[in-house]
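My questions all concern the structure below.
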């Protein structure tokens, strides 16, 4: 990379770093909220996969759309969401992005183009493809990214919508976050053949990329987003990554399906934040002090948002039958 | 082919020829029944595709299973069914294979391993895979063939079950009858990429074969069935073929979606029966006279079966709530 | 007034709304050049092009899901599901996604889509092409459900459905596509949740949906000759349901039969009867009777299929039972 | 008698039937080593191996369809569907294929499979993991539907389901997996279609399904203190439904409330209330009341979720209304 390019991109790099750290901070707090029994229900941690969401979302505009998954906090932060509204949502508070009605598995932030997390594995593949259909039909140059896991590649819906996206050249990028597991099962036990090969069979260009390398992810995402805007979509990305926590926050004893060594190896040798931080310092883009300061600020912001959310109020009982239908104030009145 | 092999196979060849002619005769009569308003509902003609069903089913044993489609008469005949019970079914009579309750789109003949036609496009893909699962689980060496059309490749279910069949090495052959159309739409308008490539992406060996050449089909089917029995399944076959009639018997004016020339070309230059008949005579396996005699006998058998079915009785009204549940004589009693 | 077929009525509704709002599009199998197997959409692709009358592969879950996403981002899809029996294939996208998105997002995301499909047996199409499955979707909060009973309703309800900002499912009766009815040339809409009193009467109320409205009217003709005055009501939409109109009639006549072509058990007649029983109980002279399709898969053979659905004769017969007080002894 | 959890009861039923009949197998997501997220199947893979406790990819329509074909050809699959909300995904294979195959084939093909899944809200799992969708399958002829209300029923009904030669859907309440109840050590089966009178009473009948049986019992406790004697009945299977037992109780007490956790509208309370109204009409002193879950997608926030399902208090409140005759004025 030329020094000139490096300088002009410094701001972008720092934003990427910042967003990765924000995701990690968000998840650490969410996990604590669960462990201290302050959060209703369960949630799925994105820690370890930050370079995927950030590398991709930093290649997108606010008007571009994403669809997310049950493991959706990372996508939500990366696409521009605020801590306060996110924690409020996780705690079921009125100021949450969905007024507390959706919770972690349905968090959405339409102001930043996040069409929502989804508790049906693979459930958003049609939605993402439809969002791309809208862009094409209305002549907008928006791109849509569909995030999903390796496990979701087993859902037939994926092949149905890839076929249509390919036939109609829709501006959609299917982003498969291959973290090696679906729940408690290794990917090779549930996926025959080749994941990228499946997209290619539909005539879709497919790429495998190191999901722990935010620059590699971002580079590819930028190219593909631009090509989508020019009508060359759809595309498929398989991002090799890893989740540090259990399948959900309650999945503590994991040794029956994966070893502690494996977890340690990913955390110590392939952590996306540590790697990128090292690179930033090495390249002279930021000093250790600057980075530490940024980390500290984010930590404080997260803690403040948690505090706010814990104090915030629940929606009023009268909300229970609101928003069943739009244009109808109370469905049961 | 060596003269010795040819002789020892003569009986097989003649049976194949006979079965193809039987299918054609069945369909000609079924079409007439529709046109003369003697048949309730609609039906889908298999004429033109005979080499597919016959080439494959002649490679199977009675205990092997097949699943069929809305265009299922050919599969049913080829797997060993009788005209009488088939026509009775098409006319809704008690002596039909399904006591008149299924009709053309649900004709099944479990005595010969035909698990049934299906009116849901792609609907039998799971069933076929499950039948292969049974064989593996119970340690039988039965093979199951899943027939479906090019249009059905758009259904996600296919990818879901191919994945499982591949992971578990199930003895199933997915036989895609690519007749160039799904209803009124050309295959290239609804199928992106490559059909065999899609199976290959799941690690399944896939073959494309001329579906108008009964020997080529039979040859491949024999090899794959044997390999399935040895635990080397699953496999995928794409059979290039053509339907002579409309999508269903009522689809008479077809020029808006395909030309008369195209239809004429397939009928005159690639008819599976004419081609095979020529080969049989050329190879000295049968004389023109023998073939004509066989054709005439089949024609008479079909006419007699139609006559029988027209006179046969309808099921009694009391049957209406029988067979909702097995072990319950009348569900509504 | 001019008369047009139900098919033409649907076609007109779609064409008018597509002219009025360029974000409306149709998506489904063989909707373009073929105009669907029932030819309901003939001519639309010629006017609106393949960009707005979109032929899909045979992938119902896929195009249903696509429509949900399209609707969430600024268009108004009309999804064409060739047979009502295929609704099972789209249930996840319809009920887990479309129906819940507005609520789950706290009111931020809308899914203004229409799913048009059909219902109705006695077409000799056997068990997988003859079902009337509107009860399944009526049970799911977040979906509106319309059941047009003639060309007039088919047009007016379709136009309302397209303009509605919520997901709406419309079931047309496939045996009625060629039935004609008077339909105004001028534009009109039929609001959801307003039942239509097809015929006034004083002795008994017959509530019918979809093609069962005709059946109830024919039953009323039979009964009239016998001196029994039947009121026939068509709810037109079952979600929202015009409970008030149904209760008013029930209180007036004191006797009610609910007739529907879905399977009787755990279907919509139970809900309608349940509400009337609950809210007009002390006005009723007899229990509300329910008549749905027989609880059997639809048989292919005409000898059996015709037995499975309510007919004018069986409705009239039940009306006589209710009038005679025979029920009292039966109970 | 020893007490075991509902989870253990299901586990025992499966183990016993798998020992008894080697064609029985379990198929679903994370059923083997993980033993499902609810740990219901722990230990089974160790005894029966991965050939009979089969982990699948996340492909519900696929493994449901596979099970149908396996059942047609000589095995007895128990399909494990992790959440009842995913039933939408398997509706086609369940309702178009499994439910209709025996009928469409004129009695020649059988589909002896069990679909075991769950229902129940208030677990803070939001709209796509909290639904109670048994009404959908109860509407489809050809399917039997069981709703165990305790560990005892969970075991006895599961064993019956596995031996049944028809497709059976069992919904377990996921909040009850750790609830204990007395369950005999000796083998037993619970026949389908036989309601259980959980508690005798004379003033009012409370019909409850699944976890609502507990709710009805708690309501009966409250009412007892007020001098109201409530009979609590659990139908145990809704297809087949023990109409006779329900009618008998209704005729005895003259007042009935039906309580279920599915959405109220177009759900199962309408059917049960409809049958009682129709067949016990002249014995009733008040209309049959229906209480289902609120007709809203299940909200995540505890502040709202708890409002959506019937509770002992709301059931008791409605019972008082029925007893007081207040309904007469309301109607």
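Order of writing sets the chain letters: A, B, C and D. Residues in each chain are counted from 1.
We adopt the following convention: a residue touches a chain if its C-beta (ideal position, glycine included) is under 8 Å from a C-beta of that chain, and two chains touch if they have at least 3 such contacts.
For each chain, UniProt lists the protein as follows: C, D = Alpha-ketoacid dehydrogenase subunit beta.
Not measured: the values here are computed from a predicted model.
Student: Count the C-beta contact pairs for B-C and for B-D, then tell me which is higher.
Tutor: Looking at contacts between chains, B-D has the larger number.
Student: With centres defined as the mean of C-alpha atoms, identify the chain lying farthest from chain C.
Tutor: A
Student: Measure off the straight-line distance from the CA centroid of chain B to the CA centroid of chain C, and report it in whole Å.
Tutor: 37
Student: Suppose each chain is reduced to the average of its Cα coordinates; what separation in Å results between chain C and chain D?
Tutor: Computed from C-alpha means, the inter-chain centre distance equals 29 Å.
Student: Between chain A and chain C, what distance separates the C-alpha centroids? Give it in angstrom.
Tutor: Result: the chain centres lie 41 Å from each other.
Student: Give me the residue numbers in chain D that touch at least two other chains, ranges are fine.
Tutor: 56-57, 59, 61-62, 85-86, 89, 92, 96, 103-104, 126-128, 141-142, 295-297, 299-300
Student: Can you list the residues of chain B that touch 2 or more other chains?
Tutor: Where chain B meets two or more other chains at a single residue, that happens at 98, 100-102, 106, 118, 120, 123, 154-157, 160, 163, 167, 189-191, 324, 331.
Student: Along chain B, where are the residues that touch chain D in the complex?
Tutor: Within the complex, chain B touches chain D at residues 65, 67, 96-102, 106, 108, 110, 115-116, 118, 120, 123-135, 137-138, 144, 156-157, 160-161, 163-164, 167, 322-327, 331.
Student: Enumerate the contact residues on chain A facing chain B in the complex.
Tutor: Counting only chain A, the residues touching chain B are 154-160, 162-163, 166-167, 189-194, 197-198, 200-204.
Student: Please give the residue numbers of chain C that touch chain B in the complex, ascending.
Tutor: Within the complex, chain C touches chain B at residues 29-30, 33-34, 37, 55-59, 61-62, 85-86, 89, 123-129, 294-297, 299-304, 307-308.
Student: For the complex, give me every residue of chain D touching chain B.
Tutor: Touching chain B from chain D are residues 23, 25, 51-52, 56-57, 59, 61-75, 77, 92-93, 96-97, 101-110, 141-142, 144, 164-166.
Student: Once bound in the complex, which stretches of chain A touch chain D?
Tutor: 40-42, 92-93, 98, 100-103, 105-106, 118-123, 151-152, 154-156, 182-185, 189-191, 256-257, 314-315, 317, 319-321, 324, 331-332
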